[in-house]
Each structure stands twice: as structure tokens, then as C-alpha cells.
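Given below, in the form of C-alpha cells, are the structures.
You will see subunit A twice below: alongside subunit B first, and alongside subunit C after that.
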Partner chain A sequence: MKNINKTTDEFKKIVQKEQPPVNKTANFFKAFLVGGTICLIGQVFQELYMAFFNYSQQDAGTMATITMIFLGGLLTGLDIYDEIGQFAGAGSLVPVTGFANAMVAPALEYKQEGFIIGIGANLFSIAGPVLAYGMVSAFIVGLLQTLFGG
Partner chain B sequence: MAVKTKGQTFVFANPPHIVAHASIVGPEESKGPYSEYFDLHLDDAKYGEDSWEKGEERMAANAVDLSLDKASVTAADVDLMLGGDLLNQLITADFVARDLDTPFLGIYSACATLVEGLSLGAALMDGGFADCVVAFASSHYQTAERQYRTPLEYGVQYPPYKQFTVTAAGSYVLGWLGGDVWITHATMGKVIDLGVTDPNDLGSAMAPAAAEIILQNFKDLNRSPADYDLILTGDLGLTGKKVLTTLLEEKNIMAGDKLMDCGGEIFGGQEQYGSGGSGVGASAAFFGSVIIPRMKAGEFRRVLFVGTGALLSALTVKQKESIPAIAHAVVVEKIPGG
Partner chain C sequence: MGIFIKAFLVGGLICGICQLILDNTDYTPAHILVGLVIIGSILTGLGLYDPLKEFAGAGVTIPVSNFGYILTQGVQEAAEKDGLLGLFKGVLDIASAGISASVIIAFFMALIFNPKK
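Now for the complex of A and B:
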């Protein structure tokens, strides 16, 4: 006979009472602020590419995305992006910089195991599901368009 | 054989002494309020090696060597070595033992491993099977994070009650002569699971196991908090300690200020470390380096040292299993007249 014989529901109530609360409202605003700022920086790059390099709007958008991916990777390597992530949550996870972070973080981590079975095998360990289901959804949408899009 | 058992508690007829202890802590722990108590501090988590795992191995090996030096014995004098860590297949402890000329048993109860080692070591000595035992354990932030969670630099948001794995190793030499404290009892715990599934809240998952073993120790020895100067838990963190306090109070056990948690203390309760430290290194380094000197100084005469372990793996978390936990306890007393 155990000394502690609580049900999981009874125990859950104690845990909920003692855990420091997660401030969802604050997290919402932090995510909005940081996510918006990241998008603003991307927009500034797009405008600059158009103004100074005579890119078309579409090409400038592509160049801005490439720049943001570079910055996301750089900040990951400099041990800064995870700090931003702790503050911003989804705000830094959702933009393309977050995708760069999800690729560079495992690359850094698994470098110790070498280029093939380390980096190569683990590069997509976080971003893999996004790519897999991104491609599956693209396939389904493409199929539907072919069949019914006319 | 003079060994008696009361309930789940071994009562040692000849309590083995903790002859010597050594600890090594990592960079973050070196910034904490207890930094000066630890023997060696690493400013590089890899300890000059080319991987974190090798760094942890070197840290644990050096802690063992240092404890042997302090006890003035060699590895060949040791009858048995009991060691464990948090990594799959106990690679740290196994690889440390590879370089030593000593019989070795690898043991695992997650962050309760060190107390398991002290319990088993004391039991084997009192039972007449050994005269000198080494018990050691280690944990490492980087090696544990990559095994249990996501890559370090991944920008995921952790809740305020998350604990951070302590980078530390501690090694204890048990013998019959020397030292200031001895192990008088050991209480062996049961695995408890009250359905916590959040791997960020290991403190809450382990608190029922800690409460269970404390109540069992009191029951077996007919004791209460008044009989102890300190009840030291391993790594419940600040949140887990609160849950433990509530569970004990429901059973009319008012431990109050006598409760202390190694993980909750080691980083000094700073917000950036969430609920505090976790990992067996916390108790392995903290008890020997911080508490034993305070026992020697007479501040505590009798301490109930409770190791707490969350028995999860990265796989069980993905399979949505709840987190079982275990706790073991040893009673450590200042040697009378010592």
C-alpha cells in the first residue's frame, strides 16, 4: 500500500495550483510585437532591394526572404535566436527566420557526429515535418485544382 | 549478519562513513551562489574535448579521481564502484569505469541515481561484501538536452516552471575510517506515477515519489520532521518543492523550513533558470560540497537526503506516456565525537 494514494485528477489540481502560471496574454503581445518586427525588417529589405538594385517587386521579395533566412541562421549560430524564441514564442517561430533556426540548430548540434551521419541525417529533424506535410498539402491542392479548377 | 530491515528501510548496524567527496560543476553552476563550495569549475562545457559527451565523461572521471585523492586511496583499493548518469546505456559511467582498475556496477534511477548508489554501497559494506565503495553520478546540460529535448539553439519557448539540467559530477568514497558523516539508514522507494505528462514539469512529476519516500522513512523509523535538521531533496525545483510541501501538509507533516532542494538552490532561484536545476549532478555535487561541510560545522546533525528521479525517455514522451518517478532516501548523520 503506497503512502500517497491520490487519483491523477486530484493531483492535477495540486500541480495546477502550484505551477507558476503561463501568461498567455503577455505571450500573445510579445509574439505579435516580435513577429511583426521581423516582417517589418523583411519589408524594409524588399523596399531597399527595389530602390537601390532595381529589382522587380517579386525578385526583391525573393531577395528579402533569402536575406531573412541568412539572418535567422546567423543569429542561431551566434546563440541569440533561442533567446529571442524564449521571449517571443510563436513570434519568432512562424516567420521564415524561424525555419532557418529550425535547420541551423540541428546542424550545429550534430556537427559533433560528422557531416554525413551527423549533420546530413539530422538536418531535417525539426523542419522535416513542415516540409513533408507542406509537400503533401501542395500535392492535394494541386490535384484538386487539376481535377476541378478547369 | 547484523543488518535489519524495517519496512522499506535498511538499518545499518555499522554505518559506513562518507570518507571523501569531490565535485565538478559547469559554467552556469559556477555563476551560482554556491560556486565557491565546489572543487572544480569548468568554463567550457566540452572540457576541452571534441564532444559534449566526452566532456561529461572527463568531468565525471576527474570527480572520481579527485575523491580518491582526497580519501588517499587508489582505484585498486576500491572494492566496488557504483555509478550512473542520465545518458542512454549509461555511457558516461561506463566509459569512466573503462579507465579504472575497479569492479563496477552501472546503476540507473535517473536523478535518484546518486542516492541509489549511496544506499547500495552502504548496504554492501554493512553486509560485509566491501570495505571501500565509490558512488558517483553526473549530468550535463548539453548532453541531456539533446537526448531528451530539442537542439540547444532551437528557439522554442519554455514555460516558467521548466527546469534546467545541471552540469555537474559528484563522487563519494565510502569506507570505515575518516570523514565527518556516516550513513545510518537507507529507504528504498517505489515507482509512483500520478499522471503528469509535461516533460517540462519534472518537479511536479517527481514530488509524489519524494513525498512517498519521506512518509515511508518516517513510518519505518517512527520519526517526524522534528527528528531531522534538514530534509534535502534532489531536484524537484521550486515548483516541485511546493507540490511536495502540499502533499506532506495533507498528511499533517509540517516540514517547513527544513525542506531544501538541491536543484532549486544551485542556481540561486534566478528567473532565467525557471524552476531551478534538475539532473543527478545537482544532488551529487550539492550534498557533498555544500551540506556535508555544514554538517561538519555542526549546523545539521541528521539529514534525510532524498534523491528524486523522473523515469522518462524521449521515446515515452513522444508516445504520450505519463512520467513515472522514483525516490530513494538515505539518513546521513554527523559521526558522534567526530
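Now for the complex of A and C:
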């Protein structure tokens, strides 16, 4: 029994010792490369929408965002985005393609539970908190600026 | 040509920093996404996101922090016009397209595809 009498901290140390070391520098550059590339692709779409569809810069940016959401969702459905994520970590999480992935992946995972509780609810398991906190912080910032004339 | 390099560098840097946070703290990816949106919102309030966008283009409009930017920008513009009502009315003004597209596209993707066995 004496092996089981470990505190949480001791247990953590044992687990950490047995895990392969994480190469944080390599992880940083992988995330940097993939994340930067995704942003670069977004910029290319934005320029294309401005050049060929005569969108304003703002609208072309929005269209580029929507295109990236589509691609992120599609690659998630095709089971490719997770592979990218294994390599890129935050590089595929932080761009808006990662947001699309965070909606589609749990919805797919719980699809068998039905359209409402399965797909409907799980679309928002991560997107929900993101939108809630985004809207609340936007409100607070707006309120402070209204009150103090910032 | 410069804007492409700047978008790559700035966007990449944001992702790299988030990777460092993931590797060195107990925060989860969901924390990162929520944190980025809040940071985007605060930077917008401080008037810093517009110059960043001017400089790096998609380098700051493709990361999720952009949701914080467009949500807050909508509130700011509407509050100037409609006061208190604008604080509520403006939230989705600019963000409408991005958020609606996310929900609609994600729904159909989840509908069309099946999870891996």
C-alpha cells in the first residue's frame, strides 16, 4: 500500500519524470511556422477578394475570414485538421480556422447523440465560452468608454 | 509584398506565444481562445488594434483575437450613435458575418461528415 500514499504533487513529479521531455523551442517554431502560414493564406485571400471582386478592404477581410472558417471546418470534417494540430499545436488553434475546428470537432464527436443535444449543443462547447466572454468584454469596454469618455 | 511577410511574422508570433503559454502553464486550448478574444477586446478599447491591423493585416485579423476586435468595435460605434442601447445593439454589428458564418458553416460540416471510427 505504501506506493499509493502519494500526495498530488508527488504523483505529478512521478508522472513528469516518466513522460518524454517536451521540446518547447521546437514547439514554438512549429506553431510560429504553421500559424504564420495560415495568416499568410488569409492575407492572400483578402488581396484576391479586393482585386477580383472589388470588395472594400474591410469586406475583403471579412470574406477572407469566412473562407478560412470554411477551410478549417472542411479540413476538420475530412479529419485532416487534427493531423495538422498534432504538429502545429497553437499554430492551428489560434487562427480562426482553429475556431471552426473547435466548433466542428465536438459536434462531430457527439453527432450520434442526435441533432439537438449532439450537433446543436456541442457546436458551442468551446465556441460558446469564446463568444460569451467576447461579448461581455466588448460590452464592458464599451461601457467604460461611454462612462469615462475614453 | 511587405504585407504578406508582416502577416506571416505577426500571426506566427501570436501563435508561438500561445504555444509557450500552453507548454509552460496548465491552461487549456479553450482558455487560450477565450483569453485571446478578451485581449483583442481590451486592445481595441485602448485603441491599439487598429494600428496593429494597419501594420500586419491578416496577421492580426485571422487570429481569434479578431473576434474581440470586431465585437468591441461594433459596440464602440453603436454606443456613439445610440448611447446605452448601442452597448447592446452594437455587439454583433460588425461581428455578425463572422459569427453567423462560423455557426452555419460548422453546422453543415458536422451534418455532412461523420466522425472517424
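Methods note: the second predicted complex is superposed on the first by the 132 of 150 C-alpha atoms of A that agree within 3 Å, B and C clash if a C-alpha of one lies under 4 Å from a C-alpha of the other, contacts with A are read in each partner's own complex, and residues count from 1 in each chain.
The rule we apply is simple: a contact is a pair of C-beta atoms (placed from the backbone, for glycine too) under 8 Å apart; a residue touches a chain by one contact, two chains touch by 3 or more.
All values reported here derive from a predicted model rather than from experimental measurement.
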Subunit B versus subunit C as contact partner of A:104, first or second or both or neither: both
Per-residue touch tally on subunit A - higher for subunit B or for subunit C: C
First (subunit B), second (subunit C), both or neither touched by A:84: first
Which superposed partner A:6 touches (first subunit B, second subunit C, both, neither): first
Which superposed partner A:15 touches (first subunit B, second subunit C, both, neither): first
Partner chain(s) touched by A:114 [first = subunit B, second = subunit C, both, neither]: neither
First, second, both or neither for A:144, with subunit B first and subunit C second: second
Which superposed partner A:24 touches (first subunit B, second subunit C, both, neither): second
First (subunit B), second (subunit C), both or neither touched by A:76: both
Footprint overlap on subunit A, where subunit B in one structure and subunit C in the other make contact: 22, 27, 76-77, 79, 88-90, 93, 98, 102, 104, 108-109, 112, 126
Sites on subunit A touched by subunit B in the complex: 2-4, 6, 8, 11-12, 14-15, 17-22, 27, 76-77, 79, 81-90, 92-93, 98, 101-102, 104-106, 108-110, 112, 125-126
Residues of subunit A defined as touching subunit C within the complex: 22, 24, 27-40, 42-44, 46, 61-62, 64-66, 68-70, 73-74, 76-79, 88-91, 93-100, 102-104, 107-109, 111-112, 119, 123, 126-127, 129-131, 133-135, 137-139, 141-146, 150
Interfacial residue positions of subunit C with respect to subunit A in the complex: 3-4, 7-16, 18-24, 29-30, 32-34, 36-38, 40-42, 44-45, 57-59, 61-64, 66-68, 71-72, 74-76, 78-79, 83-84, 86-88, 90-91, 95, 97-99, 101-103, 105-116
Contact set on subunit B toward subunit A in their complex: 50-53, 146, 150-161, 190, 192, 194-196, 201, 204, 208, 211-212, 215-216, 219, 239, 242-243, 246-247, 251, 275, 322
